[in-house]
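Same chain, two partners: subunit A is paired with subunit B first, then with subunit C.
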Partner chain A sequence: MSQFQLQFDPRSYRRTIAGKDVIIHCHHYNARVQRTLESAVAVDGRAIIRGAAETVFAEQIAQALRDADDSEPKLGVAEQLYAQLGYGRLVLTPTPQGRVHATSSHYVEGWLAGFGARDEGVCTFTEGYIQAAIWAATGELVHARERECMARGDAQCVFEIDGGRTQAIAANTKQPVAFEPRTTGEYLRSQHVDEPAIIQALVDMPIHGNAEGLIPAFSVYLANTPADYYNLICIRFVEQMSAHGRDKAAKRMLIADGETCAMNTFRGIMNSVEWEGLVAPMIHEPRDNIFALVAISNGLGWGNWHITAHPSAETIEFESLNGYEALGYREYRGRASDPTCFMLTGVAAGLLELVYGVGTIADRLGTCGTRETACISRGDATCGFAVERSQ
Partner chain B sequence: MGTRTYDDLPVGVLIADDAIVIRTASASFLRDFSCLAEDVQDRELSELISPRDRRASMLIDRASTQAATEPVDTIAVVEVGEVARLARIVLVRESQQWMVLVECIDNPQNLVLQLFSEHRRWSAALRGSSDGLVFVDEALTITDYNARFVELMQFRSDHGVLLGEELLPGRELATLLAPAAFEPMRVRLDAMWSREGCSDEFMLHGRWLELDARPIYLPSKGLSGHAISLRDATDRHDMEHARAERQRELLRHSEEVIAAQRQAIRALTAPRIPIARGLTVVPLVGALDTQRLSEIVEDLLEGVARDGTRTLVLDITGVPEFDGAAAAGLLSAARSLRLIGVHPILTGVSPRTAQLLASEHVPTHGLEIHGSLEAAIASSMRRSSARPVTS
Partner chain C sequence: MIAPARGPTRVRHYACIHPETYKYFFAKHDVLAVWGRLAAIYGEPSVRPGFGVIEIQSERLILRATTGGNPITVIRTRRCTSQDVEALHRVFGFELE
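Showing the complex of A and B:
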């Protein structure tokens, strides 16, 4: 599976698998963003998720296939990619009844670990992946809809394949952006935290699917997801909510998802054997935790961001040199009028809430607020985040 | 604007459109916030929530974008111009619009404010506790908990992934305690439910926890739940273990000292004194019971075999008491000496001992006995060709 091996660019901190920049996020973020989109009554969140997955993976899977192969080995490659990225085990060859199934799923495990059982299926993302895989492997346009889901207590996730589709899969159209990220800046460092060592350790870690196609690591379920996917679902969600006058609420909810994710994810990371072995010996004072967590996030492919000011536990400032959200917005939509780094905005607050806050996640949520003071998507040289404790 | 319908209500009323943009405000609201209609008209409700009160804003965002059927009920700081007041906000969906009730509660006599303040105090105590605290209702489902409880429990999925806190409220505690690791806690809790509170301790995830469960009664309802606290007693256990280990070590050391002292005393009270080549004198001192005699004989047999003694003089002048069993043992020892080729001579026999030997019919035939040590040595020298030891 050498074609799926991770490529890491130490200059940009970008992770690439099968030709696409991938971001490591955990089930907390994936499940929360999915819940935000799917529970918004004004828009069809499922269609946004399914459509983005289909567009992005149709391109990535096609890049991974050999034209000379038959459809069966091509479907096998798509199954392998799905498992390698950490989404689970998917059997794409349809049964005579026209169904495909999954025996393990990042989205199911993530939903169960985060929210518990659900009455509806949770594998909307997988529906889009299946549509993309079948199209890339066979040229057939299909609809995939989940009929049984392990999150509801079913034995496996079963997807019904409907071949009566005529609508083409939307191309992943992006405009190249002439942007050269700044390479240096005035950043604060911790004398105890060895950031390059943390990043290198993360790069060296085998963060790919296990026998179940899952990546349980750092006390969370990780997945390698193309940045394009996150950008498309967030951009489309805000745009579609805007049509109902709810774009501000949409942005605030995406920020809150990043904030909650940061607390849950980084708390999981801080309670993991990986942290205990690698990072804990570097921690000598509470602020070291923030420096270490920022180093970890830089190793996860989120981009390249650093702390520029941290005078007290009440406030912190960050600068991001090439965040995937800002650059992604530029690629998909051109220059933005307002900042677009919702995830990083939330994560910035979540970091302060986690490291210096008290109480449960719910107690800490919302006790800090972040302003995105500059954003590459607006044409600024970097993205800036100023966090202040508000309660 | 100003809505006549709502002006008589004791609370302020805002009517907002589907996007939660305020269209009308009641006179009571305008009065409560000393503002004009245009100060709030066409503003999104979230804009009236203090930026320092993000939690309320998040709640309103979530509820207003979802298909909420229940009214949203929260406390928030509402800011209009320079006026900021603590208010209870109730959002009710009414077909294509929202009715927002805004009741200012900052009067100290206000019951909601009193309840809110009470809740804040309770939350602060819960958050600040170093004990894990969880409250369950009469159906044993979780109603409240603190961060320490989550930290001590470390609820994880089958893959070792930490479960999210959002899973806890409303969840049966027993379902979370199903994994084998929680069996000690489960067993203790099962035994506690039927009792009037109880304490116990057990080990979980390598730590000792003190468990205390107390029933909670309400006047009208009777048993309404339980308060469960968990205290990390690992340090106390470690100290107790260390203290017990120290005591065991001290005891072991004392026993070794006593054994060494006993050995030294034994050596001193039955020293082997070489008088001439092949001739050794052993003056016995102190009471001679069967146990001591047995130890002396054991030493003698080993010693004489090693140093080539041919004649051994046992001088019992220093033995104050002698019973029949000891006398028999002494003669048995003499026979043993003969078996290894050593000629035993007994000396220092007091009249009382002689009387005892006679009255107890202790067979002394074959044993050379002399009245004094000098006589015994002289006899031995005469009998053998032994020469005095030269230095």
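Showing the complex of A and C:
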């Protein structure tokens, strides 16, 4: 699996696997973003997810293949990459009936943990991955559609492969961005929290799929997903919703996904054995939790962001030097007119709600609001987030 | 007078992966032997030194602890059955009251 070796850049906190910057998110975030897109009636959310996965993984899988190999070992490499990234166990060699199957799935686990069983399949992302893998390995253009899914009680996920496709896979077209992130700033630190130790522990941690291709860690299921995928689905979702006059609703929903993710993911992390083993001894007062959680999010590849002001439990401000959402927007679309860091905007509020809020997660949701005060996508030097308790 | 032997105890613990997650607490002198039995049945534990965690991941159960080995957090996967839990309890010497 050496071709999938993680490269970590300690200056930018970027994680790279098989030539792609990857972001570690958990099953909560991935399932919720999927539900947001697929539940919007104005747009075809499944097509957005499938198309983005196909475009991004066609490129990443191709980078992991050796031209001289036959299609069978190439499909094997695509299966290994899928498992290594934490999406599950996929068998890509089609049966005589033209079907491929999966025996474990990050998205199934995420959906069942977050929302319970579903009548329809939940593996839209995997449909796109399969289309990309078959094209990269064999040159054949196909449609993959899930016919059986473990999320609805089937024994395994089964995908029908239809070879009658003529439409090419869209290229992952980005423009180079001349942006040099600032490397330092006036940041608050906790005297108790050893942020470099936390980040180093994360870098040293083998965050790759187990025998089932899943990554159970920090009490959640993690996956390494290319930043390009998240950027494409979010940009296209907002654009398509905008065509129906629903862009504000789309942004609100993506921000809410980030907020919910912060509450659930970080609650899981704070209840994990990893936290107990390394971080809990560093926590001497409630605010230490936020410094530790920000260090963890930096180690997960979300960006190089830090706390700039935290005068009370009612308010906090962050600065992000190279968030993947802002830089991704610049790469795909150029300058934005409005801020584009929906995930970090939601997460910023979720952090305050989780650490200082009272009651259940449901009670705390929506009690803080974030304003993105500056954004690299608009041409600002950094992204800024100001959070205030509103209730 | 010798006090009667006491088995492990457990408390419920939050984990997103499965709602039926528990931490099992063992007597200090028992815990090494418990990990030995777990290794024989579920596979050798792996160590994550950065976070100070030891762990066994099997298809149906995830067993984790800080480096002292005690308590052991047991996370069930979706495939875990009541028979799997009963088998684990026998390894632990744990009895439901």
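Brief remarks follow.
Just so we're on the same page, the second predicted complex is superposed on the first by the 391 of 391 C-alpha atoms of A that agree within 3 Å, B and C clash if a C-alpha of one lies under 4 Å from a C-alpha of the other, contacts with A are read in each partner's own complex, and residues count from 1 in each chain.
Keep this in mind: a residue touches a chain if its C-beta (ideal position, glycine included) is under 8 Å from a C-beta of that chain, and two chains touch if they have at least 3 such contacts.
Here the structure is a predicted model, which is why all the values come from computation and not from measurement.
After superposition onto subunit A, the modelled positions of subunit B and subunit C overlap sterically.
In the superposed model, A:205 lies in contact with subunit C only, and not with subunit B.
Contact with both subunit B and subunit C is seen for A:221 once the two complexes are overlaid on the shared chain. After overlaying the two complexes on the shared chain, residue contacts for A:231 are found with neither subunit B nor subunit C. Using the contact criterion defined above for the overlaid structures, shared-chain residue A:60 touches neither subunit B nor subunit C, since it reaches no partner.
Contacts of A:277 after superposition: subunit C is touched, whereas subunit B is not reached.
In the superposition on chain A, A:253 contacts subunit B only, with no contact to subunit C. Shared-chain residue A:359: touches subunit B; no touch with subunit C.
Comparing subunit B with subunit C, the partner in contact with more residues of subunit A is B.
When the shared chain is aligned, subunit B and subunit C each come close enough to touch A:27. Comparing the listed stretches 9-17, 27-35 or 153-161 of subunit B against subunit C after superposition, the clashing one is 153-161.
Residues 27-28, 109, 112-113, 216, 219-221, 264, 267-268, 271 of subunit A lie at the contact with subunit B in one complex and at the contact with subunit C in the other.
Looking at the complex, you find that subunit A touches subunit B at residues 27-28, 39-42, 109, 112-116, 214, 216, 219-221, 241, 244-246, 248-250, 252-253, 256, 264, 267-268, 271, 358-363, 365-367, 369, 390-391. Within the complex formed with subunit A, the residues of subunit C that make contact are 13-18, 21, 48-53, 55, 57, 59, 62, 64-67, 73, 75, 77-78.
For subunit A in complex with subunit C, the residues that touch the partner chain are 26-28, 109, 112-113, 197, 200-202, 204-206, 210-212, 216, 219-221, 264-265, 267-268, 271-274, 276-278.
Residues 17-21, 44, 46, 51-55, 57-58, 61-62, 64-67, 123, 126-128, 145-147, 150, 154, 156-157, 159-167, 171 of subunit B are the ones touching subunit A in the complex.
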